[in-house]
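One structure, as structure tokens, below. Some questions next.
Going by the order they are written in, the chains are A, B, C, D, E and F; count residues from 1 in each one.
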Amino acid sequence: MIKLDTIGKITLAIAMAKEGEEAQTLIDKVEKKGYAAARGQVGSMQMEKVIAAVETTARREGLISDVYRDTHSLYHAIMEALSGVCRGQFSLGNALRTVGLGFAVVCGPKDAGDSDEEKWLAVAFYGTIGAPIKGFEHEAIGLGINHF
Amino acid sequence: MIKLDTIGKITLAIAMAKEGEEAQTLIDKVEKKGYAAARGQVGSMQMEKVIAAVETTARREGLISDVYRDTHSLYHAIMEALSGVCRGQFSLGNALRTVGLGFAVVCGPKDAGDSDEEKWLAVAFYGTIGAPIKGFEHEAIGLGINHF
Amino acid sequence: MIKLDTIGKITLAIAMAKEGEEAQTLIDKVEKKGYAAARGQVGSMQMEKVIAAVETTARREGLISDVYRDTHSLYHAIMEALSGVCRGQFSLGNALRTVGLGFAVVCGPKDAGDSDEEKWLAVAFYGTIGAPIKGFEHEAIGLGINHF
Amino acid sequence: MIKLDTIGKITLAIAMAKEGEEAQTLIDKVEKKGYAAARGQVGSMQMEKVIAAVETTARREGLISDVYRDTHSLYHAIMEALSGVCRGQFSLGNALRTVGLGFAVVCGPKDAGDSDEEKWLAVAFYGTIGAPIKGFEHEAIGLGINHF
Amino acid sequence: MIKLDTIGKITLAIAMAKEGEEAQTLIDKVEKKGYAAARGQVGSMQMEKVIAAVETTARREGLISDVYRDTHSLYHAIMEALSGVCRGQFSLGNALRTVGLGFAVVCGPKDAGDSDEEKWLAVAFYGTIGAPIKGFEHEAIGLGINHF
Amino acid sequence: MIKLDTIGKITLAIAMAKEGEEAQTLIDKVEKKGYAAARGQVGSMQMEKVIAAVETTARREGLISDVYRDTHSLYHAIMEALSGVCRGQFSLGNALRTVGLGFAVVCGPKDAGDSDEEKWLAVAFYGTIGAPIKGFEHEAIGLGINHF
């Protein structure tokens, strides 16, 4: 249903896809359109672990290189995506809540097919947020896009 | 690609769908699963116009009745969804930026197929945010879920 | 002095009352008006302990049942009430400050005497916030009201 | 019910009192305890009008003198009190909501009967916040305390 | 006193310099170190005018080109610098306050003398914020740094 | 370059000065103008340690006395200065970032040479913020001014 024609939709689709084959199929498909993409999963009451999980995945999959510029771009995209997940207070455990999130990091043109040089980076989260009690949670989403 | 099996995914799918036939097909499909759904579109530099557009659509389509409780639930779901769109500062024109957003409002069970009585309300936005200059914008998403 | 004719005033009065007889007299009085009410006390530098104290009291006193909807309503009422206590930064120990708070949770109509079905939930905090040094603190209050 | 023995309780009691005789009786009573106090009322969708109403009342009633220090202390006390009223987003009309608030400004010792020199200033709001539709609103409170 | 050896210090020095010769001398000096720099002045109760003033200066002085990437980088640097000026609430007129600010925009390496390719962009504000009453204001500063 | 003629500029100059002789020379100079000043240095991922470092320095250097009023004024000046350093989210370690900051606390008239009695207190931070990886950080500044 989600058309893979913009960096945002691509990142959201991968974050919302099931880990494994479903996600990999999407990643393979968008690589042919000139995107680099990776997906991960994280569950925690500690915000810093969520941030670290995304950074580790992005670095391990070679989406960002070892220069500060890339990390800076990724960090701010993560923080923006977390705004959508947290909706107001930037805290998890301190606010007595926990998250279970799939996430995706994608690099490439803002619009698929763009031939110009502008490269962007997107981070998306999709999963649940709620009390640390099984079932006492609801869905949450977040998307952060940054120049790269 | 988005499986229509939770209120969040349903609301996101409708907000991301093209206005008209594509959205209507989704709305028809989820109504058979026990959801009530509506979609709208809004472009503005004024936050209050974005909020009003969602409220008007929800009321006109009969998703919320004319009691304060329903409006209260909807209002907070809208504000939470706007957190994801705004990512930090709760302002549009005052922050010299503008949005063009599709949105969806959906009522029903948290998980499709849930037979219990718990009814929830979800609001999703998907579109672009950016400078008031054509093309100087990128995608944004937001999702707010509230008990109803 | 506080007229017990609205859910907000009732909740504030109980939160500001002395624990024990004074609070109990108020609770008994408002129960006759169709409200369910409970009072507790918490002192901490950890925000999550403050939230947990209110949730535990509300659950133990039977104000909320064991469904997610009720917990969700209570959680957001607590967070809103904490906004008034924290006034800006949503943190206690991380911001090198501590609280000593009485709190109340009340369920019932928005206005006492309302015969309609609309049930609301209110949370109030009243006490002190300040440096972790005896006497280096001042009063703070917060009220959160949510549909229930 | 509210014991007039601290600056916070005094300010809250006056803000929650009915305009006119009820409030005046309280003001007279606390003046004998060494406090200077004033009460006002404001309804608006514009945050700046709410702030201006409090500043005007405080200046007109002689609670603050014409030096910047006093205005600075009052301004920050107002902003802190508004945190409790707004609970998250610092906006009214931009967030499609309106307030009807009684407010009080009080100067004096933190604890009634304190003979030391420390003078404090407190601002309290009590009233309603909600949609610009009659009855679609609930109560809100806020208290800000600043050294003076 | 401020050593012109980092992008932050350079930007702060230019923002704090007097308009005209003093600022121009600094700009000339840092241009020799590989920086592009511009200075402007803005007074307003409208946040969007402050943002627009910086964007206009940066564009007119050729610090950013007409692509979205550059504007995006500049916009977020401005917003970060405004955090320091506003200290909490992201509003001016709505919070009944006004600013008079000198500002600087600087592009170049993070550390003067860095020969690598990493280019950064910094925005600094320095001036006053306060009530719209002459003299009822105090100093404020802000610095935002973004990859470019 | 920074003219030592206002409390803000003085505080910024001392915070940006190198610890030791450079800072001491400035402190000596401004003491002759009627200011009391101190400088310190702190590196941490814990916000509360940053706050405590400033409070300890101010107390040890005799800038604030042991009454709550002084501590209250200092605390809020620190929090405002940290807004500029943190630019959005009020957290360090929880947001997976660390700071290395020089800071200054200064008491005295708003404008050097002011003979009136109004005493103000300013806190400034200058240093770096970034990932807990050597070199993956950039500069940050913050200034908070409060009546004293």
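To be clear about the criterion, a residue touches a chain if its C-beta (ideal position, glycine included) is under 8 Å from a C-beta of that chain, and two chains touch if they have at least 3 such contacts.
Note that the coordinates shown come from a computational prediction; the quantities given were computed from them, not determined experimentally.
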Among the chains, which is located farthest from subunit A on the basis of C-alpha centroids?
D
D-F against C-D, pair bridged by the larger set of C-beta contacts
C-D
So the chain most remote from subunit C by C-alpha centre is E
Inter-chain centre distance, subunit A versus subunit D - centres from mean C-alpha coordinates, in Å
44
When the C-alpha atoms of subunit C and subunit F are each averaged to a single point, how far apart are the two points in Å?
37
Hey, what residues on subunit E touch two or more of the other chains?
68, 72, 88, 90-91, 94, 110, 120, 138
Contacts from subunit D onto subunit E in the complex sit at residues 46-48, 51-52, 55, 68, 71-72, 75, 79, 90-91, 94
Show me the residue ranges of subunit B that touch subunit A in the complex, using the header's touch definition.
1-2, 6-9, 12-13, 16-17, 26, 80, 83-88, 110, 120, 122, 124, 138-145
Touching residues (chain side subunit F, partner subunit A) in the complex:
88-91, 93-97, 130-131, 133, 135-138
For the subunit C and subunit B complex, residues of the former touching the latter:
67-69, 72-73, 76, 110, 118, 120, 146-147
